[in-house]
Every structure is written in structure tokens, then in C-alpha cells.
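Chain lettering (A, B and C) follows the sequence in which the chains are written, and residue indices restart at 1 in each chain.
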Amino acid sequence: MAWQWFHRLGSPRWFYEKTQAWLPWLTAITLVLLVVGSIWGLAFAPADAKQGNSYRIIYIHVPAAFLALAGYYIMAISGAIGLIWKMKLPYMVMKSAAPIGAALTFVSLVTGSIWGKPTWGTWWEWDARITSMLILFFLYLGIMALQQAFHSRDTGDKASAILALVGTVNIPIIYKSVDWWYTLHQPATIKFVGESSIHPSMLYPLLIMVIAFYCFYALALLLYTRAEILRRESRTQWVNELVARQAGSVNHDIPVKGGSAV
Amino acid sequence: MTEVTVPGSAGGSATTFSMFWATLRRDLLLAIRNRAEMVNPLVFFLIAITMIPLGVSPETKTLAAIAPGLIWVMALLATLLSLDGLFRSDFEDGSLEQMLISPQPLYFTVLAKVMVHWLVTGLPLTLMSPLLGVMLALPSGGYGPLCITLLLGTASMSLIGAVGAALTVALRKGGLLLSLIVMPLYVPVLIFGASAVHNAVLGSVINSQIAVLGAFLALAIVLAPLAAAGALRVSSDG
Amino acid sequence: MTESPLTLPEAFSPPSTPLLELRQVSCERDERQLFTRLNLSAYPGDVIQIVGPNGSGKTTLLRALAGINKDYTGEVLWQGHPVSSVAWEYAHDLLYLGHLPGIKKALSPLENLRWYAAVSGAESRSTIYAALEQVGLYGYEETPCYQLSAGQLRRVALARLYLGRARLWILDEPFTAIDKRGAAELETLFARHAEQGGVILLTSHQDLALASLKHLNLLDYQPGCPEGRPQDREGGQGDD
């Protein structure tokens, strides 16, 4: 039975119709968590002893960085499922995950840089984490560029899935290498967000923000994927009927091409 | 390499082996017939290194400090530039189709092609690197490590780059895209290679870096041809 | 290798099993259906010419059957077994000649065919000279291919037909750039291959005069009529 469910996942239409009901819930949860987390983090959490209020950027920086990396794996796993089981939907998920992940990586880079100004006194510091993030950003860009480069969308999907998989093997190696490279050049590091050092009153809002970002990611991925489904399936009957229904409910006068056929 | 004949060639492994040799031999022959192309990465390497003193400073002290990293970066770029043609000509003339449908595993065909690529670019780059070291005033302790790390590193880079070359094989202007997707993957090799030379100049022991580079190479030999073979099957019908 | 492709295939496969069988094969590229539910049984001795207008999927079908692209749904059986389960045997018994000749211009015909023989698993290294003679390239064995004409290059590619012992030939436009005499020789070769129990699938704009010729028109397998009825292709992967 589990397998039947799994194979249904291969059907974009099933996915589109199922997720319709999730959207309002997910939107509500995301908004509530974001609002609660930001207000708590920005207004109620205590200021840091050394960094003052500037540390508060972690409430965006850290969740974005988490999701940037997790998003890469979500993208790569979708690609792998598409390659192995020859399903269409995972490719659509993969294609949608790439720009979201790249955007989050970019956000974490920018916030890291802004945070760096008061902390290190410079906009850009070749810190191990930031450098790794930058390389992750390049990996995202490569995948997106490869996907668009092919005339055939099927080929672009599969090629970028392979590249994403090669990237997953490489990411841990890259992270470890960059860490090692950093200790080599700067033995004394400024440790921030040390796992043990953060006080619970600062940590709880951070946790909420992390969960909020996960929800936001899920929401963004769903919306992107649904749009991608409609784009790719635009010539199928069910999409035509859907368009006809929606157009009909808005304005009865518009005749919909292809909608009345069959 | 003289005539390669496998007597009998009865079993599957014997034919796989003969296919591997046949591809190796053919690609070497092609490289020798197109000697002019073979020299290009080397000339690039030389010219790019020449730009450094012109752009930075001809002062020995400055050059010596940046020499290990620069030589490594330039070797990386030279490898990258030469990768574009790895599968391109086979794709364009239809030989790639024959490789894809061959009963022999594509893994070994790819491995043979990458090996030839390394023999005609990575190896000459390595052999040329001491000369460039002299030009950039590399301190005397750095020459041995430079050669050893480049020997291991260029082989890894050829293998990893083959995946990118396979992915972009059907794209007319794949060269720049190839660099874009492959360069981030070169980061670990560059870090360990360049730092090994740097440390050797400072007089520390670099066994561990060389061991790590060896491990990268071992991993790349196992995985990269597999990924490249998969990529060739996918991208060749673009 | 226990099974020798030289022996007549009738010896081990009863005539009731086709050598190659396609069941409900459909091919879709970028949401565009090229052909659907294609059925075909090719028995030893069959020469099947695939016809259809440009863009009907002839080349795609041949490439799919050769195993270059695997983007099709449905079953392809080789001697009654799914090709994926007998991939090695199938690849050994297959000869594919596409639009592109697969010839390196910097190498001589001899060097080209040597590599081909090794890659395709053909064991007949000694017959390369004979094959080149058969296609009328006697004396050109060592000439670099860039000195040959387009027709001669095509002949180097066609020499593969004389090399291997593959039973299934998949030929995409084999007559391209071949002169009249060459075409006649090729037809004779096809007839001989069919007599020996082989199967040939080919596309060609030329009318062939072979006794065992069958036609497969891809237009018969087009999805619906082109306008007005968008096919419901939902869930194509999982549930049919």
C-alpha cells in the first residue's frame, strides 16, 4: 500500500489537488511562527554581553543558512528519486527547490556580511562558514545554469539531477576542507553561536525562527512546484478544465479555448 | 604501446580489457595527431603565470609568498580549459553513440578517456611546474611537493572535470558553463594541494596533505567515471 | 560465450518467439507524444522499414531500441526476455548505425574500425581488411579519413555491417551519400542478412526491393488527431 502511495506521488495532478488543502494551513502556521519568532527575538530577547544588539541578525542569518544547506539536500534527493523511479514530479520539485535554496543562501551571505561589519569591522571576512556558504551558492548557480542550458527540458532535469548528486558527495568534503583551511590561516577564531554558549532566552526565539523558516521553505516550495506543474502540464485536459472552472467562477463571459472539448 | 591484441578474448573481462586498451590507444593516437591542441593548455599555463609579476610585482619576496597558490590556481584553470573537448568530438561525430550501446561497461571507456586526458594535460603541466616555480621565485623546498601534489591533484581534477564535460557535452557553448559547474567541486583539491606546497616551503611535514590528496584521487577514480557515464547517457540526447 | 551468434537462430528459438518484440511502446519528449502503443514483432528474416513524415519519431524510435535513450514506456523483448534483463546479450547482438558516421577524421579507416571492433565486442579483427575491401575502400586502409569523400566516409561506417555477427541491425538512413552501385550492394547485403536469420530495422527515403520487406508506419500510432482533443496523459508513469 505504501508503494501505491509512493507511485501516486509520481502524478502531478494528484499532488496538485492534494496540496490545495494544505496551503491555507501552512500559510497560517508560517505567518504566526514568523511573527512570534521575530518579535520575541528582536524585542524581548536580551542583548548580547559583547555584541550588543547587533547579534539579533542571527534570527534571520542562522535559519537561512540552515535551510540553504537542507534545501540543497532536498533538491538533490528529489533529483535522485526522479532519476531512479523515472517520475516527473520530483524533477518539478527539484527545479523549484533550486532558486529557493539559492535565494536563502544569498540571504545568509548578505546577513552574514552585515553582521560582519560591527563584529569584525569589515563587510567581508574569509571566515570558514561564510566561505562554505559562498561555495554552496556557486553550486546552486551551476545547477540552475545547467538546467536552463538544455533545449530539452527532460534532459535539463536529468543533467542537473546528476550534478546535484555529485554535489552532495562533495559538500561534506568541501565543508571539511574549508574548515581545515581556515584553522590553517587563522588559528584564533571568533567563536559565535557556539553551541553551548548561547543562553536559553536567546535560543528559544531562534528555534522558533528555524521552525518558521522550515515552514516558509515548505510553503515556497509548494507554491513554486504547483506553478511548475501547471506550466508543464498546461496541455493536459485536467489543467484545461481547471482553468475553465476558475475562469468560469470569475467571469462567465470568457470562452475558454479547449475547455469545452471532449 | 604496440599492437594490442587479446588472444582468444573469450570472456567478458578480456573484451572489457581490450576495449579499455583500444580506447586508450585511439585517444592517444588522436592526441598525437592533433599535437597542436595538446600544447595549448601548457602555453596558457605559461602565459598566465607570466601575467602575475606584470600585474602584481616582480619583487622576489612578494612572488615567493604567493607562488604555491598561484601555480595551483593556474594549473586548475589550464585543466579546466582543456576539459571541454573531452567528449565533445566523440559526441559530434557519433562515436559516443557507439560507446553508449557497447556491451562493455561505459565506466571503463570513460576511465580510458580521462586517463588519456591526464596523460596529455595533467602530466605535462606537472612536469612544467618547476620551471614556473623558478619564474615565480618559489623557495627551494617547494619544488618536490609542488610536483607530487600536482601529479595527484591534476588526476583528480581530470576525473571530476569529466563529469562536467559529460554533462555539457551536447551544449554548443558548454565551455563556460563547464567551468562554472566544475570549479566549486575543485575547492578541496585546491586547498590541500596549495597548502601542502605552502607548508613545505615553511618547512613543515606535509605527509597528511599528500595522503588526503591521494584519498581524493582514490574516491574520484571510483565515483567520477560512474557519474560521468550516467551524465553521458542523459545529456547525449539533448 | 556459450551462445554463438553465427549459428542460425532458428536452432534455438522456435519461430513462434519473435527475435525482437515491442509491446505498447510509447515515446514522449517534453510532454509531446511522438507515438503511442506501438506493437511490433520482428521474426528472423524480417526487414522492417519504418516510415512516417519528418518529426514522426523515426530516429527517436531507433535510438530508443538501440538503447541510446531510454525514455519510453512499454516493453521491448529480445527473444522473449525484457531487454533490460538481457542487456549484455542484446548489446552483443546489436549493430546501430545512426545519422552520424562515428568516424574520427584524424584516423585511418583501419584504425577507426579497429576501435569499433573492440568497443562493439566484435571479435573479427582480421576481417577488417576484408570488410574495407567489400565496401570498395581497398587501398585506402591507411589513408587518413579527412582525405576521403563524404561517400567514402559513409562507406567506412557501413563496413561495420561486414564486421560483426550482430543479428539485429538498426540503421538510420543507411543510404545517405551512397551512390547507386553502393546502394545496390547494400540491398544485396540486407537480403543476405535476412536470409541468415537476421533482423533489420531501418529508415530510408529509398524504396527497397526486398522480398521480406515489411513497413511500419509511425503515423498509425500518432496520439489522437492533432487538434481539438488534448489527450489526458495524467499519471502516465504510474498507473497504466
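Simple rule for what comes next: contacts are C-beta pairs under 8 Å (C-beta built on N, C-alpha and C of every residue); 3 or more make two chains touch, one makes a residue touch a chain.
Values in this document were obtained by computation on a predicted structure and should not be read as measured data.
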| item | value |
| --- | --- |
| Arrangement of touching chains [line / ring / star / complete / other] | complete |
| Distance-to-centre winner among chains (Cα means, whole assembly as reference) | B |
| Interface with more contacting C-beta pairs, comparing A-C to A-B | A-B |
| Gap in Å, rounded to a whole number, between the CA centres of chain C and chain B | 36 |
| Chain A and chain C, separation of their C-alpha mean positions in angstrom | 46 |
| Whole-Å gap between the CA centroids of chain A and chain B | 34 |
| Residues within chain B bordering two or more other chains | 237 |
| Multi-chain contact sites of chain A, meaning residues that touch two or more partners | 152 |
| Interface hub residues of chain C, defined as touching at least two other chains | 71 |
| Interface residues, chain B side, partner chain A - complex | 163, 167-168, 170-171, 174, 177, 180-181, 183-185, 187-188, 191-192, 195, 216, 223, 227, 230-231, 234-235, 237-238 |
| Chain C-facing residues of chain A, complex | 7-8, 10-14, 85-88, 152-154, 232-233, 235-238, 240, 258, 261-262 |
| Residues of chain C touching chain B in the complex | 1, 63, 66-71, 88, 91-92, 94, 96, 98-107, 111, 114-121, 123, 125 |
| For the chain A and chain B complex, residues of the former touching the latter | 135, 138-139, 141-143, 145-146, 149-152, 155-156, 158-159, 162-163, 165-167, 169-170, 173-174, 176-178, 180-181, 184 |
| In the complex with chain A, residue positions of chain C that touch it | 29-31, 71, 228-239 |
